[in-house]
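Think of it as A, B, C and D in the order they're written, each chain with its own count starting at 1.
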Amino acid sequence: MPHDFYTKRRIEFADTDMAGIMHFARFFVFMETAEHEFLRSLGASVESKLDNLRLGWPRLAVSCEYLSPAKFEEVLDIHLMVARKGNKSMTYKFEFHRGEALIARGQVSAACCVFYPDGKLKAIPIPDFIASQIQEAPQGEERGA
Amino acid sequence: MPHDFYTKRRIEFADTDMAGIMHFARFFVFMETAEHEFLRSLGASVESKLDNLRLGWPRLAVSCEYLSPAKFEEVLDIHLMVARKGNKSMTYKFEFHRGEALIARGQVSAACCVFYPDGKLKAIPIPDFIASQIQEAPQGEERGA
Amino acid sequence: MPHDFYTKRRIEFADTDMAGIMHFARFFVFMETAEHEFLRSLGASVESKLDNLRLGWPRLAVSCEYLSPAKFEEVLDIHLMVARKGNKSMTYKFEFHRGEALIARGQVSAACCVFYPDGKLKAIPIPDFIASQIQEAPQGEERGA
Amino acid sequence: MPHDFYTKRRIEFADTDMAGIMHFARFFVFMETAEHEFLRSLGASVESKLDNLRLGWPRLAVSCEYLSPAKFEEVLDIHLMVARKGNKSMTYKFEFHRGEALIARGQVSAACCVFYPDGKLKAIPIPDFIASQIQEAPQGEERGA
């Protein structure tokens, strides 16, 4: 039962800013996409439906620490870990490496919600077909820990 | 009856790329926002409803010519002109100036559509409360023409 | 001597995602732009030079908590507070309100750096023409505290 | 000697807008990244150097026609064709398909430039190590033509 996921991503020109490095906000897009790849790998696209309502994962809280700049065309190794599997929410940790160098460390907490056709959303317990496939990562899972 | 609209916008850090200039794709966001400001100035937000269906303006075709680079913190003068008012679509032209210098020239054609709750969309004649307020710009309206 | 700054910003179409709300990563762009407006209000653009080297503020750590969704065309009130003025870094707190409703709370720590022409950067003490103009906000400054 | 290039790309959550489809400006990022993959496949990264100056390809003109909406998680097939190899510029055409369906058609003209350390840029003849590897696509290359 997976508790983590690895993916890779190359930094694009549009990810950079005039400081010549990847713009700090883009790391959150990289995290979100890694999370979606992880859910997809479980057969649980973020576009899943529950009783014909669209499932979604609005963010509760996010953070990122930047340890070293990342540059255009570099390929980042992204490591997603399930830090906490709650009843109605998930917390993921992320590490970004370029080779051996740790570039950034992030965290995302997201609530499991259904979207009603009028745009309203309501937090719900994580459906079993997702929850049953995920477990929390053991402590100290980070590389080198 | 207006046929054009003026707005200003300062280039943000996140608009730039590692070449030190505004990323070319951001010009389209500037055009779209100017278009929305124009519609809002007519009391016709892009979030308008028609028979309780959401109105929207998906793009049919867009283009942009870049004449001079634009840099961080510069303020661009944006001039929107109504190039064509069709039955179910609008075509806008845009000019971006920094002081006297012409930076870029763009064009956007958008279809007037209603969105159904299932996500489908259908082109409709531009509702009268919008169409009645807009006219096409006379030819040769561009600055200096 | 200012320890905070207020600005406003309307949510654009390109700020939204298919959940119909402002994309969570865009809050960081709103924070960054508010920070730059604050620095500019002190006469200290982020584009300042020191001994002919470009000054910049790469991010050390950022975070955001999301309390309520924000939607297209809404105008957010953004309140920047100087949480910490270090020797070589600054920490800002941010609050986003829509009317009375608190939408999100964020934090950004940034290092004061010079950029060398080869792209390298080095942390430096915050130049006096900036540091002398800023003070830390008193504790409990958040609205309603 | 290649005159075209194929790549694929999955639409991310952050590529979408509140209309539930891929935001129109993101197509230009997809085109730019495909162009960079093409150059990289020739051993000619956009980060190439010439006489120790950075090479770059600022855009002269771009356009896109949208034929059908593209949605979250869909995988687009992107076909780049060399429409024109000039002395100092390149023009690429792009087609985006989802399966058999043509989603969008785009075009990008870019000037070959060197960037001086002061940020100035100058158009130059396309260096031979790039120009010698590329040829124009025959007319009528588009799929189905």
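Keep this in mind: a residue touches a chain if its C-beta (ideal position, glycine included) is under 8 Å from a C-beta of that chain, and two chains touch if they have at least 3 such contacts.
This is a predicted model, so every value here is computed, not measured.
Engineer: Which chains contact both chain A and chain D?
Structural biologist: B, C
Engineer: Quick check: more C-beta contact pairs at B-D or at A-B?
Structural biologist: B-D
Engineer: Which chain's mean C-alpha position is the greatest distance from chain C's?
Structural biologist: The chain lying farthest from chain C is D.
Engineer: On C-alpha atoms alone, could you tell me the rotation angle mapping chain A onto chain C? Nearest 5 degrees is fine.
Structural biologist: The rotation relating chain A to chain C comes to 180 degrees.
Engineer: Just the number, please: Cα centre separation of chain B and chain D in whole Å.
Structural biologist: Going by mean C-alpha positions, chain B sits 24 Å from chain D.
Engineer: What is the distance in Å between the mean C-alpha positions of chain A and chain B?
Structural biologist: 34
Engineer: What are the residues of chain D that contact at least two other chains?
Structural biologist: 13-14, 19-21, 25, 29, 32, 72 - these are the residues of chain D that touch more than one other chain.
Engineer: Chain adjacency by touch: line, ring, star, complete or other shape?
Structural biologist: Topology of the interface graph: complete, with all chain pairs in contact.
Engineer: Quick check: in the complex, which residue numbers of chain B touch chain C?
Structural biologist: Counting only chain B, the residues touching chain C are 12-14, 29, 32-33, 36, 40, 45-47, 72-73.
Engineer: Going by the contact rule at the top, pick out the chain B residues touching chain A in the complex.
Structural biologist: 13-14, 16-21, 23, 25, 72, 117
Engineer: Touching residues of chain B toward chain D in the complex: what are they?
Structural biologist: 19-21, 24-26, 28-29, 32, 56, 58-66, 69, 115, 119, 121
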